[in-house]
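Chain lettering (A, B, C and D) follows the sequence in which the chains are written, and residue indices restart at 1 in each chain.
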Amino acid sequence: MSSDMYKEIILDYYKNPRNKGTLESPQSVARDSNPLCGDVVEMQLNFSDGKVSEIKFNGDGCAISQASASMLTEVVMGKTIEEVRKIDKNVLLENLGSPNLGAVRIKCALLPLKVMKTALYQYLGESITREESNSLS
Amino acid sequence: MLEPEIAAHPLDLEKIRLDFPILKRTVHGKRLVYLDNAATTQKPQQVIDAISDYYSNYNSNIHRSVHLLAEEATEAFENTRLKVQNFINAQSTDEIVFTKNATEALNVAARCTTSSLKPGDKIVVTEMDHHSNFVPWQQIAKEKRAQLEIVFTTEDYEIDESDLESKLDGAKIFAFTHMSNVLGTINNARKFTRIAHEKGALVVLDGAQSAPHIPVNVQDIGCDYFALSAHKMLGPTGVGCLYGKRDLLLKAPPFLLGGDMIREVHRDRTTWNDLPWKFEAGTSNIADVIAFAAALDYLTRLGMKNLQIHEQEICKAVLAELSKIEDLEIYGPKDPERRGAVFAFNLGGIHAHDIASILDAEGIAIRSGHHCAQILMEKLGVPATSRASFYLYNGYDDVDALSKGLHKVREVLN
Amino acid sequence: MLEPEIAAHPLDLEKIRLDFPILKRTVHGKRLVYLDNAATTQKPQQVIDAISDYYSNYNSNIHRSVHLLAEEATEAFENTRLKVQNFINAQSTDEIVFTKNATEALNVAARCTTSSLKPGDKIVVTEMDHHSNFVPWQQIAKEKRAQLEIVFTTEDYEIDESDLESKLDGAKIFAFTHMSNVLGTINNARKFTRIAHEKGALVVLDGAQSAPHIPVNVQDIGCDYFALSAHKMLGPTGVGCLYGKRDLLLKAPPFLLGGDMIREVHRDRTTWNDLPWKFEAGTSNIADVIAFAAALDYLTRLGMKNLQIHEQEICKAVLAELSKIEDLEIYGPKDPERRGAVFAFNLGGIHAHDIASILDAEGIAIRSGHHCAQILMEKLGVPATSRASFYLYNGYDDVDALSKGLHKVREVLN
Amino acid sequence: MSSDMYKEIILDYYKNPRNKGTLESPQSVARDSNPLCGDVVEMQLNFSDGKVSEIKFNGDGCAISQASASMLTEVVMGKTIEEVRKIDKNVLLENLGSPNLGAVRIKCALLPLKVMKTALYQYLGESITREESNSLS
């Protein structure tokens, strides 16, 4: 049901996106799209003292993906790298108010997390494991 | 279609709906309003029963066997071929090849028409073609170093005729859709076929959306190949048909190779079976081909002309209702006589997936995305659209439901 | 097959037969004795019901849509893929491609393995291969000016191992059948795969006859590709599967082109979808793929090991009974451990079709002809054979019926 | 039923084939096969005074095709060309005792007629029409 999917939290971030935009010279940038619906999300991050010091998202897509991206920037901001590593699908969905998304729309919600993780690993000189990538798409 | 010469009479929706068991179900507690018919249609009990009856009473492999089950199954299977022949008015059952869907039919047509293509030869398609009638041509063009030309769509969502004329110059093949699965545009297949033939090009017509909705007469149109999908016209999934003119199919190489499509296999060479079996390798989808006959019977009984009139009435209602919704843009012709009842639209800046999800919560099934027509999306300048498509069991109540649902979308997301 | 570690227990035929509605029917007034299982098997009510249930309750196109019906259909469809993966013990669902039958699966495998074949390269097949695993290779060899080698069959109806060893020298591909649909021979797929791999050849295994009858473990066998057909293992017509090792499928070109198998379509280029969808163009046979899960559940519940033991018992009985009939020659191994329950035979100078027709009058359905194995017929020196093939619902009563029927054939024609 | 298909007439011709063999120098010879079952039938004919003066068949195949071929040689023998032209499917089947052959086995019965007609037309410098050929296969 719409009320199940378009939770207050999602509608709030969708209508009033926080941290949308670009950083001046980000230390890491990642971008990906969901070929099924054309959602596009880009994440830009800066780190200092082992923490996320600045983060912005940009993109185009449905309410779910854009709200998820915006919400995620707030969750990540200020966290240590180890804390950010631990953010998974469940953490994300809880923060979105556990919407009932179904198998297709859940990909919209997860895309920003995959992009953010990709940017993090890029900064660390690592790359996303196939397992984690699968769990997010 | 050999349409009986009777006065058109309106469809009895109440009676029709009783034939479709799925229409009794609810979705999120609401009545199911199924408006995703361009993707696949629902099935009447008659089709479902034909499948059960086959498996319960005369399931058998066909053609090469002499026992009674095999004879019964073979007869029923070949009977569907005859019904398809009559439904699209082909000249002979030799011209009707069963495939697994329209996509396979189009791939076969692409192989049939290009086996002697030379580098530099021209293949023409249109901007409004479905990926299944675009990607095969694009890749064969690459493979054979042929030239692919894409005819423009006008601002009125029609094929640009002057562009068509010029691009057809010197073309070997013209592949186009009879009815667009996005815009709803019904192309003048007869006229375009005549033009293409005058220029010396073979014509492959994608009938995946036309065969379910309007009377089709391949001899009258004059096209060389015609593809359809059973699941888009009340039939089961897993069955498509390729019509091809007999002399062309005779000369064309086979496609899939293996059992049933051969005459004689030797260590160093193989000869092919007669038409149409030369193109049917391996065990066919016997049950579903047999059940497809029940779908064709259903459509024929209603009358394709009546169905078309019904859909034109629905078209008028949809165009009237949706025009009342602010910021709603429909991509497609405004004239109900020139279009089918499939409506691609966008609503303000709201993403198509959000529209589809909120409508789903209201029990309304529509589709959102690029509808396997990315070239057209690019042309329209949108990443995706919503799409509502109607069929013979849809009525004014469904149009109302869609309109109310779209107002709800606004409410939730504005 | 991940077989539960339980003691083998015999099949409860009486209970099993109740699941197959067709077994209640009579043929020419006699009980149906269905012995044409190598052509196609009968279907249990569970499979028939799964089809009706789908069409009556959640029929929808899959993958690209967000409405509830589409989600339910997509989940059920992908669930079958998981069941196929488990049934043959593949490593991932990425490795399971749905096709329309085993023949299409083998054609896809042939295209996958030969895209970079060079003139003079060697493809090896065997004399006992079905046309579906012979003609594709023969024609590709022609097209690419490659060399086709055909491994001999021994007097004991086995693959000639020393001939195999020598023909595999320098070969690029070895395609062979896991179980012969004529001789019943079960080839040592694991050993032959090892030999082929040592010689640097890819292995394509035709499992159309093995998957229904014996436990299959593709990782243990080590083959690169494996093909099966649902309709030969209680499932609906119109569904096949191609297993391919993930890294090979990743590198292989797609086969059919069109909707669903693409990622992005541009005017000048197209990129492909992820595995396995890259190989699934157009609308899939959704209903039948979903119903195939019910067939796999049925087989898994009985236990493939139990089924195999049952068929070995039947084998012994058939070999004993038929050996009593004068002038009856069986083409196939004598050891029930090395063969399946499919028996090709000839009876004196009587033509196979006459045998089949007279048995049909007794209610017994067998097949007669070349069984899509003309190379093998030539080798055996016969134009055709009769063939009786058994499955899980066949018992000793059916063996008796066959034996009595063959005496009747003698009576009528001698 | 077997009794329906293997009529006395068919069994008689099958067990005691008449006119099987070859002519010394036939004026017309035709041969065809039924790819589905491997039946092969050859017909050799001589004509004089506008009538069939000699006819032999040869072949390999099932009881139906071989009995049908043998029976047909007897029917045709001595008939005028115009009379032979008129022999069609119905005439043939009646002469075989109207067996209940079914869609597949009927091809076995018809093959000899197709071959005989082909030989006749060959002698006349004509060829079999697509309609007649279709009606016999």
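One rule holds for everything that comes next: contacts are C-beta pairs under 8 Å (C-beta built on N, C-alpha and C of every residue); 3 or more make two chains touch, one makes a residue touch a chain.
In this text the structure is predicted, and so the values were computed from the model without any measurement.
Student: Could you tell me which chain lies farthest from chain B when each chain's centre is the average position of its Cα atoms?
Tutor: Following the centroid criterion, the farthest chain would be D.
Student: Centre to centre, by mean C-alpha position, how many angstrom separate chain A and chain B?
Tutor: 39
Student: Find the geometric centre of each of chain B and chain C from their Cα atoms only, then give the gap between the two centres in Å, rounded to an integer.
Tutor: Here the centre of chain C sits 32 Å away from the centre of chain B.
Student: Quick check: how many Å separate the C-alpha centres of chain A and chain D?
Tutor: 80
Student: Find every residue in chain B that makes contact with two or more other chains and list them.
Tutor: 28, 64-66, 68, 70, 264, 353, 357, 368-369
Student: Going through chain D residue by residue, note those that touch at least 2 other chains and give them in order.
Tutor: In chain D, residues 36, 105 touch at least two other chains, as defined above.
Student: Report the complete set of touching chain pairs.
Tutor: A-B, A-C, B-C, B-D, C-D
Student: Along chain B, where are the residues that touch chain A in the complex?
Tutor: Residue positions touching the partner: 28, 350-354, 357-358, 361-362, 368-370, 383-384, 408, 412-413.
Student: In the complex, go through chain B and note every residue touching chain D.
Tutor: Touching chain D from chain B are residues 63-66, 68, 70-71, 74-75, 263-264, 273.
Student: Using the touch definition up top, name the residues of chain A that touch chain C in the complex.
Tutor: 35-36, 102-105
Student: Chain C touches which residues of chain D in the complex?
Tutor: Touching chain C: residues 1-6, 11, 14, 36-38, 60-64, 105, 108 of chain D.
Student: Within their complex, state which residues of chain B touch chain C.
Tutor: Residues 21-22, 25, 27-28, 32, 34, 36, 39-40, 42-43, 47-48, 51-52, 55-61, 64-70, 100-104, 106-107, 130-136, 138-139, 150, 229, 231, 236-240, 256-260, 262, 264-270, 281-288, 353, 356-357, 359-360, 364-369, 372, 374-375, 378 of chain B touch chain C in their complex.
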